[in-house]
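Before anything else, here is the set of structures, which you'll find just below.
Common to both upcoming complexes is chain A, partnered first by chain B, then by chain C.
Up next is the complex of A and B:
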């Protein structure tokens, strides 16, 4: 039996237990998505979007169950560092109520696990869910198999002060976990959402995670994703945003873990005067591989987008970045700026960067830049002249390179969390932590 | 600025000035492509057996390949059986020994184009290997070059007179199966230029070939091979104009450059083939594979191109930096007006130690033109100390044109430094207003702004070409501002 048939088989067995099994629209969507995945199979490097990241090996590989370990302790540590907020914790493919603390919510805010929302808020979920045809085949797999995630819905003008923390611990099923988060903000609403993927005690598995964001007119959504999965994990994620007139969207994607991580981050300006910030930082070592594909569609006039990605590539790791900016015809007065900078820290590391501009309007300000290089010799010399030995000087400069990405994260507790996650990865991190 | 006839519109609408057809007897083969046609081409050219075998192998390879679809281009599929693959001016049969033997009609055509044959060639100090449709007709300055041991001749001549060199180098930079159009070229190539500069020789003059597509429905498939031995240097100019046509004509050339230790090759192109009319009817399809191989240490290959013509341009002059300390340059101006589409750029493959490359690309889009820069900078695991700098600017004229930038960077050595920068700007009403206020016409103002935008590339061109290129841009852009 081929691997794709196995997925069909699994789906047949699981379908009755999947959340929303009684909803005809969802059953149809799941069936279409499954067929699509079975047709297309895992993406391979023959596809332009997957040229540097082939998933063909998943055809062969056996998925193993992971163990969350002491989930309560891990969540406790996070909560101690950022006491504010609404906490939803997921272990494996399900919501874990005992570890969660949603807390009091202002009027006009709905925040609940998606599996529950399918029972009580089915219309909202249907409207925001997306289609079986969206994204590449892993996204279709996600649609066919998703079990849980979060739904956040904000009505007109509601601002959620404290961040929403979605914490994902591995565990459970051997066929992987498939998570979907839906964020819907009506006109003028505002929220900050953190998605944090933690490593478990042992084992590693496949994760697909799709987050869909709809920002209404003048709404503001700040999204921070922190991916610290275990060394053997496969993490395939997509963040898809739509922005109405004047909406602001910020995405911070910090990818430090997993054997292979792929993030597809897209946003589209459906109305005039939108703003987007795409901020990213990735670190690989060993034989790990991280890939970010971003797309910003300036589909309407007077939009502004700023994109900054930075990579630290160590060991025999490989960092891939492809950033596309499309300025549609008549999307005049668009302002798009994109940068991708990579630091190669070892002989075997590899950086691949493809910054792309597609412009169909003339009154625009667009620029992009990409660099691949190593630490500046002059800066090293400067620090050494001041008495730092070479390893420490290198560590300090490496951290400084990455710190620029951290500095763009607005809320201090989140910035601090991202910083400790990074320092845990860098050599000499404890020392730098003390300095920071 | 909303005058009734905007000066930029008038400027953009200027049509192609080099469109005329010379009536000549042509010796053509039937339409279509098959092994028989290839045998026929090879037989007409009296080629040795090895060339025929090479062509047939390429053809069989081509049959298994599919046309590439990744380029940002839109055109109807090409019917490869509806093309005449060989056409030679009749008089070639007797083989003209001197200019006097050349068909006077042909010479008049060159006169119209301003090709410096005759005395003019000598005065201009340019040796011209004129490719008229598919066969070289006259080569000048052969004697003078011969004294230095330089071989500069038609490719078909080289096959007869220097088969050992052709065998040694042909297809070593662009192998027959490299890509769809290169395979096609390898199977049916008609003629082209062959340059060999022996060890230590600095070529005393700029070498130049004028290509001209002439006979109706004849695709042109040139093959150019330039070899610079140790310490040699050569500068080669390629310029094109073509008569006006209503049918799309396919052009698939292959150019191979080989630079051994300390050699330097500079290859400059001004391409002004018929771009189609302002509604996109007609025009040349230009699918070209150009690649240089810096085979030796400290070698240097430099591509400079000004692309203003063709309905479709698909062209990526590249450099393989194999030798230690070798250097590759790419300087490009690409202009697309009306409904022209250009997908062009370069590849720099760093393999040797301390290799350097520079990419400077200026894209100008006007009217409904679409201009794409596509580049690859690759640093392989052994390329210690590789350095690349890429600058890639787009200028947009009008709100219906498109400009795209698709660079790829792949780095596998930690000591590499690769930088890419790209910007997009436009010619604004305010800039034009400023110039016109001071008594400069809109056309001149556009010309000035565009020439300023392209200056860094123009200064890489040899003198005669730089002048021609500036004029060409002005002419090609007429009617584009509004």
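Up next is the complex of A and C:
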């Protein structure tokens, strides 16, 4: 039996227990998505978008169940450092109420596990869910199998002051966890949402995670994703945003863990005067692999997008970045700027950075650049000439390179969380704690 | 006491220092002048331990140790300080962190207790006042966006904090307004002491009105071609470097060429 047949079989067995099983629209969508996945199979390097990141190996590989470890302690550590917020914790493929603390919500805010929302807010979920045809085949797999995630819905003009923390611990199911988060902000609403994927015990666990964001007119959504999965993990994720007139969207994607991590991050300006910030930082070592594919569609006039990605590539690790920006013909006075800078920390490490601008409008301001380099010799010497030993000087400059990405994270507790996650990855991190 | 003997250095196979001799006794301040491209910064960088330059011949004895055998960081910890002609900008590293790391590296080496955050702040604020630097410069990234003069002040601040035994100042006066020049000169003069020696590289005799040198040397094509007292600087100012060639060879220039 092929792996694809296995997925079919699994679906047959699971379908009756999957959340929303009684909803005809969802049952149809899941069935179509499954067929699509079975049809297309895992993406391979023959596909342009997966040229550097083939998933063909998943056809063969056995998935191993993971163990969350001491989930309560892990959550406690996070909460101690960011006291404010609304906490939804997921272990494996399910919401963990005992570890969560959603807290009081202002009027006009709905925040709940997606599995529950399918029972009480099915219309909202249906409207925001997306289609079986969206994205590449892993996204279809996600639609077919998703079990949980979060729904955040903000009605007109509501600003959620404290961040929403979605914490995902591995655990349970051997066939992986498939999570979907839906964020819907009506006109003028605002929120900050953190998606944090923590490591558990090791194992070749598979995660697919799709987050869909709809930002209404003049709404503001700040999204921070921190991926710290265990070394053997496969993490396949998509963040898809739609922005109405004047909406602001910020995506910070920090990818530090997993054996293979792929993030597809997209946004589209459906109305005039939108703003987007796509900020990214990734670190790989060993034989690990990280891939970001981003797409910003300036589909309307007077939009501004700023995109900054930075990569730290150590060991025999590989970092892939492909950043597409499309400026439609009538998207006049668009301002798009994109940079991707990579730091190679070893001879075997590899970086592929590819900006792609497709500009069909004539009155636009666009700039892009990609670099792959090593630590600056002049800076290293300057530090050594002040008595810092060479390893310390290297660590300091490596951190400094990454710090630029951290500095763009607006909220201090979140920035601090990202910083300690980064320092935990870098050699000599303890030495650099005082950097803040 | 530092004794540089017959120093030859190349970069990418190109000879830059061609048999340079120089001795600076403890407590002395020597000025080095010379045309652009004559090798002044190369000498400074070679002393500080920059590996880009290859020393092909000669020796540097510093109080009985072979200076050239030490890596840059050990030279710094042993008390050698180079004020860079072009201080490097390091975005993402706060000046405070940088200064504290540098001071503590040196204190550790000297067997002194490391400064904690409080002690360090107290100390650095005092030194900053002396070089007329605002506290905000502590919290900015190292030299990033500093004006030319601010970078030079930051170098002098580092020198004051690190209390070197041998300081090499590479054109620390270039690009400074007259007030800044005085600040820098005061910084240097405050550090003058019988144990400390200094090599001051400059293009302007003006600096030597404030920092009175024990000796002045002229570097040309990688060698010291003339040495004298401070009046040599005045003569150079008046006649230019061309004048040297019309003069009988100075003792330092003899027998240096291979």
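A few notes on this one:
Basically, the second predicted complex is superposed on the first by the 433 of 436 C-alpha atoms of A that agree within 3 Å, B and C clash if a C-alpha of one lies under 4 Å from a C-alpha of the other, contacts with A are read in each partner's own complex, and residues count from 1 in each chain.
The rule is simple: contacts are C-beta pairs under 8 Å (C-beta built on N, C-alpha and C of every residue); 3 or more make two chains touch, one makes a residue touch a chain.
Just so we're clear, the structure is a prediction, and the values are computed from it rather than from any experiment.
Superposition note: with chain A as the common reference, chain B and chain C can be accommodated side by side.
In the superposed pair of complexes, A:392 makes contact with chain C only, with no contact to chain B. In the superposition on chain A, A:345 makes contact with chain B only, not with chain C. Touch criterion not met for A:59: it reaches neither chain B nor chain C. Counting the residues of chain A touched by each of chain B and chain C gives the higher count for B.
When the shared chain is aligned, chain B comes close enough to touch A:366, but chain C does not. Shared-chain residue A:400: touches chain C; no touch with chain B. When the two complexes are overlaid on their common chain A, residue A:381 makes contact with chain C while staying clear of chain B. In the superposition on chain A, contact of A:48 is made with chain B only, not with chain C.
In the superposed model, A:353 lies in contact with chain B only, and not with chain C. Superposition on the shared chain A places chain B and chain C such that, viewed from the Cα centre of chain A, they span 70 degrees in steps of 10.
For the pair chain B and chain C, the minimum alpha-carbon spacing after aligning on chain A is 13 Å.
When the two complexes are superposed on chain A, none of the residues of chain A touches both chain B and chain C. Across the complex, chain C meets chain A through its residues 48-50, 52, 71-73, 75-77, 82, 84, 87-88, 90-94, 97-98, 100-102, 105-106, 109, 117, 141, 158, 162.
Across the complex, chain A meets chain C through its residues 376-379, 381-390, 392-393, 396-397, 399-404, 407, 434-435.
Listing the residues of chain A that touch chain B in their complex gives 48, 52, 329-330, 332, 342, 344-374.
On chain B, the positions that touch chain A within their shared complex are 70, 72, 379, 381, 394, 396-426, 428.
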